[in-house]
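Just so it is clear, A, B, C and D label the chains in written order, and each chain counts residues from 1 on its own.
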Amino acid sequence: MDFLQNYGFLIVTMIQQGLLGLSLYFPLMAGQLSLASPGFYALGGYIAAIMGTNAAFAPLRESLGSWIFPLEWLVAGVASAALGLIVGVPALRLRGIYLALATIAFVEILRVVALNLSVTGGAVGLFGVPQPFGFVDRWQYVWIFGPLLVLVLLFTARLERSRVGRAFRSLREDELAADAMGVPPTRYKVMAFVIGAVLAGIVGAMSAPFLNTWNARQGTFDASIAYLAYVLIGGSRNMWGPVLGGALLAALPEVLRPLQDWRLIINGLVLVVASLYLPQGLVGLFRRRRAAPLARPATQEVAK
Amino acid sequence: MSAPAPSPAREPVLRAEGLTRRFGGLVAVGDVSFDVMPGEIFGLIGPNGAGKTTLFNLMTGLTPPSSGRLRFEGRDVTGLAPHRIATLGLGRTFQNIRLFRGLSALENVKIAQHARTRAGLLAGVLGGAREEERQVEARAWDLLDLVGLANRAGEDAGNFSYGDQRRLEIARALALDPKVLLLDEPAAGMNSAEKHGLTEFIRDVRARFDLTVMVIEHHVPLVMNLCDRIAVLNFGQLIAMGDPASVQRDPKVIEAYLGAE
Amino acid sequence: MELTQFIQNVLNGVSIGSVYAIFALGYTLIFSILGIINFAHGAVFTLGAYFTYTLAVGQFGINGLLKNVDLFPNGSPLGSSVPGFVLALLIGSVLAGLVGVVIERLAFRPLRSRGADPLLALVSSLGVALVLVNLIQYLVGAEIYSFPADVYGNLKPALVLHVGEKLVVIRTVQIIIFVVSMIMLIILGYLISRTKIGKALRAVAENPGTSSLLGISVDRYVLYTFFLSGFLGGLAGTLVATSFGIAGPYFGVTYGLKGLAVIVLGGLGSIPGAVVGGIVIGLAEAFVPAEYSAYKEAVAFALLFVILLVRPQGLLGRALVQKV
Amino acid sequence: MKRALLVSLSLGLMSAAVAQKVEAPITIGVAVAQTSNVALLGQEQVIGARLAEKFFNATGGINGTPFKLVFQDTGGDEAGTINAFQNLINKDRVVGIVGPTLSQQAFSADPIADRAKVPVLGPSNTAKGIPQIGDFIARVSAPVAVVAPNAVKQALKLDPKIKKVAVLYAQNDAFSVSETGTFQETAKAQGLSVSTVQKFQTTDTDFTTQVTAVLGADVDLVIISGLAADGGNLVKQLRQLGYKGLIIGGNGLNTSNLFPVCGRDCDGILIAQAYSPALAGSVNQLFVKEYRNQYKKDPPQFAAQAYTGVQVMVEALRKIDKKKKLDTWNLADLRVELNKQILAGKYKTPLGDVSFDREGEVNQKDFYVAQIKMKDAKNGTFVFLK
């Protein structure tokens, strides 16, 4: 029990950062390097913090009770999807590092706007965010972040085996060839981008009560780069990569806490060494070298 | 053995009207017009840099034309996005092979069935598309069988030999369920035994899938043997068109080829 | 807008912009050769300032070896502290260049020789930045260090021009930074377009594979690039520090993000582009009306977003045509 | 089912906490930003807290028993602060916490300490709403509203002809944003006209745009709310570009870190202080002497506030110990008792006489306005103005 008290927050943070890593993985499935997640994360958090503290929502809170929280997640998801569409449609014409830079710009613009609005609490941000479902301890958030992670992993595994997942992969492999084979690139790039945005938005909405407060420092350039590191260190070609990378890199500074002044120096060294010596990311260490030959399913011939 | 001769009464399946593409000052394709009749095997030859691949790119929407029109089954498809044209029924292979190299052969063929399937995001994730998936899978195996690669379905496309990659690309293009198949140098990199088999294979595919075929090829004996009609491009201009024998005798063609040597 | 206000805005914009530009020069140089963004550049920039400070003013134990160096025993025309400072500046910048070399050897070359995903270089350089910044913090703390006011001799701190009733003002340090960044641009331009090293560098940038076939040692030239970038970064860091002081280990890092906007706007990998991009962003920020000054921070990124949509290769970059 | 599990887990936790005995030596937690770009402030707090530990242990500890400070780095972010707090509460088993550095961090981590019933003293959290986070949250850092008006009045005393004012503030700093509000209200209340309001970021270094706007508005008083690095650069650039009038610096500029930044140009700035090294009380003079011995300069406000935070905890513990020996308490009860005692006591600290209201808000008697006098380009002093 002491263990949960002491490390509960960290464990949930690991799940949370794993989810944020995954939010980058979806666009990456379609070959799009987007660093926009912190923007949607911040948006989701603000939505939850505003719905949780703003007087305008008091009647809604009264009448809904704890149901306000799922509603916050829903609103955050929908709002992120809408913003994702608005940003994604023009931005996804860009490729590679240019898309990454455009999404960084998006995150930064959003941050400055949040810093200046009064509904977001300006520089101080919003505080006293109410706790869902009578949660008291931080580890209890495992009851919402945990199921979300499981759901998202199930979703991803199913997605990868579906028609849409194949379309994503074809875009990552060769956008032009995919286009010539009947896969509409823009449609699926935007879809992948929006899935990532919705996930980041929902994680943000769950995180505002988790952190008790929300402010413009939540969605920054630093976070963009951190999430990218999750994906690359964990492994970008398998859904477990970002989860593992996010969890481990979030835990690293805490694991190194006993080193005191040296902890961030070592943290940096670990990043360097990991990027040098784990070319396939962490999951590359576990992956079986070669898949077994595919077996043809026993079905009757489908007449053309 | 021999293909049914194109009946003159039928509408052309493809009609190019003055297709032109300029890159800066260079005219890569200049005012090219031709008809391709249903069921035909239509050859496109010409020296290197004559604009053959550019013409394919114009026809499949990868490069927008500077001017001119392309009609497919009577419908104006000029300027449509590549995936739209592919969906209408124009499948192609690439001169410098563009398979999804990191994906398995089976995946490559499954992906090209995208346009002929419907399952959306939710159906795919929630399992509402099982029957469709089963059909996609089965058809992919059939097509791999057709090109003789079913025993290597699980291997990454990038690991295949040159000739196998060309065959896989054809299987992938067929998976689109096209009405017209555009083959860009299908014999390049194949050994002579493979080349020999290719003629039979293309004819067989045409018959089996009721296709029209357009083929860019350098290997002259193959072209002469395979094609019903041939068009010759030089410096982006169409300099001759007709049945293999007459094209072979055409002085402009001889000059173009000799001049290019 | 009044004329004086306009002139003042232009001066403000150019002076802020030249700080951005001088930061971005070394940043973009590495991108031009390797196509990667070196996140450690901000830390090298900071380090350069600390090196020079240590040598010229000396509080970290070396005790200002060069503090009293006097190259002009009969009195320098600029003031007694200037020659010592310039010498310290050069040595400090060389040291920063060497740090750049070490970074290349330890954090970039292993990735390159393996042909790894270029994005990994991003993470690796991020790690290096984390190490350097926290190492500085560990060694010298988060305190603010400032160069003495007379490093540039007894120049007046600012130029004040009277235009009718109104004033137009600019700080001397800003003029120095602008002039130096222009000089560095010219030297760099000469180096790259006219010298043998420059030609080899361009060849490496065009096509590393072919260059090595032609007998150009790619690794060596990449090393030169990192030295040059580090040197420029160190020099720039010191110059900016003479204007604003060294505001702790994060001093240079805070320019990293704005620097990205600068080099993209100018054209990734374009050296004149870094200067043009810096000054354009500086001007754009200076012309934000006072009532919207809160949104000034977003201007650079709004510009970045727009330029990416309209002209992704940037103002001075070359368009890349994808081959089918 | 799930709910039942939750309840049983929570009950288990509570009973586990009840069973813990107080371990010797008594530990007090300090959670401030020792890394990140907030470390400039956090490092001063570490120094202040260390001095307090040394001084109070040298003067008998807690009635003869020495106590120990445990430091946990919060970094600059919210998650790091929660981790630091969790470590202090559960692993280090501290009786109370002094920290964190930023108000935003306090909004994040203080609720956790409050729910765990661990008393927290904010050494530098000045935003509105901090003591209201919970019963266990108090602060020794006075909110800005009290400090700012004095400075404006002082400026008017020095130069009664002042009419037009320019106000500048760091828009991304919570403290500066609320401080500038008070400054602007005060200026208006004193009949001054606010000619221009300029915003900047604490990470900014170049202020030419803001300074030219100020020069253009032709004002005779400039009021700055920011932190040391940005505020110092702003002052320097104001002076270099020819501004001659009075400057008021907000509480964020109340640190000798300002001196190296603006150098001789710092001379004459009026500073609104929540702490002054010049305060005559013997407690403060002892603290100043200790600090000068070790660091060769006057203690900054952040150090004094952290020192005060530790002092308040120690003196409250001494009182409790007199009633009932600390080693006979169990930890949970001691934390609750400590919180009560902190709020009930009166303390003679470097900040002057300090006590708390029921919510945990500090009642600080003395606020100061000082004027900076520079000895040379690097060293200066804050001269107390009556």
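What we mean here is this: contacts are C-beta pairs under 8 Å (C-beta built on N, C-alpha and C of every residue); 3 or more make two chains touch, one makes a residue touch a chain.
Keep in mind it's a predicted model, so treat the numbers as computed, not measured.
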What shortest step count links chain A and chain D in the network of chain contacts?
1
Find me the chain with the mean Cα position closest to the mean of all the protein Cα atoms on display.
A
Of the chain pairs A-B and C-D, which one is connected by the greater count of C-beta contacts?
A-B
Taking each chain's centre as the mean of its CA atoms, chain A sits from chain B at a distance in Å of 41
Rounded Å distance between chain C and chain D, as computed from the means of their C-alpha atoms:
35
Where the centres are mean C-alpha positions, what is the separation of chain B from chain D, in Å?
74
Separation of the C-alpha centres, chain B versus chain C, in whole Å, is 52
Sites on chain A at which at least two other chains make contact
115-116, 176, 261, 264
Which chain C residues touch at least two other chains?
134, 294, 297, 324
Pull out every residue in chain D that's touching 2 or more other chains.
35, 171
Provide the residue numbers of chain D that touch chain C in the complex, in ascending order.
35-37, 39-40, 42-43, 171, 196, 198-199, 201, 203, 205-206, 208-213, 215-216, 228-229, 232-233, 237, 239-242, 257, 260-261, 263-264, 377-378
Please name which positions on chain C make contact with chain D in the complex.
5, 8-9, 11-12, 15-16, 19, 134, 137, 141-146, 148-149, 157-158, 160, 166-167, 169-171, 174, 240, 243-245, 247-250, 254, 285-286, 290, 293-294, 296-297
Per the touch rule above, chain D residues touching chain A in the complex are 2, 6, 9-10, 12-13, 16, 34-35, 71-73, 75, 77-80, 82-83, 86-87, 89-91, 103-104, 107-112, 115, 127-129, 133, 171-174, 176-178
Contacting residues of chain A [partner chain B, same complex]
155, 158-159, 161-167, 169-170, 173-174, 176-185, 191, 195, 291-294, 296-297, 299, 301-302, 304
Touching chain C in the complex, chain A uses residues 33, 90-91, 93-94, 97-98, 101-102, 104-106, 108-109, 112-113, 115-116, 176, 221, 225, 228-229, 232-233, 236, 261-262, 264-265, 267-276, 279
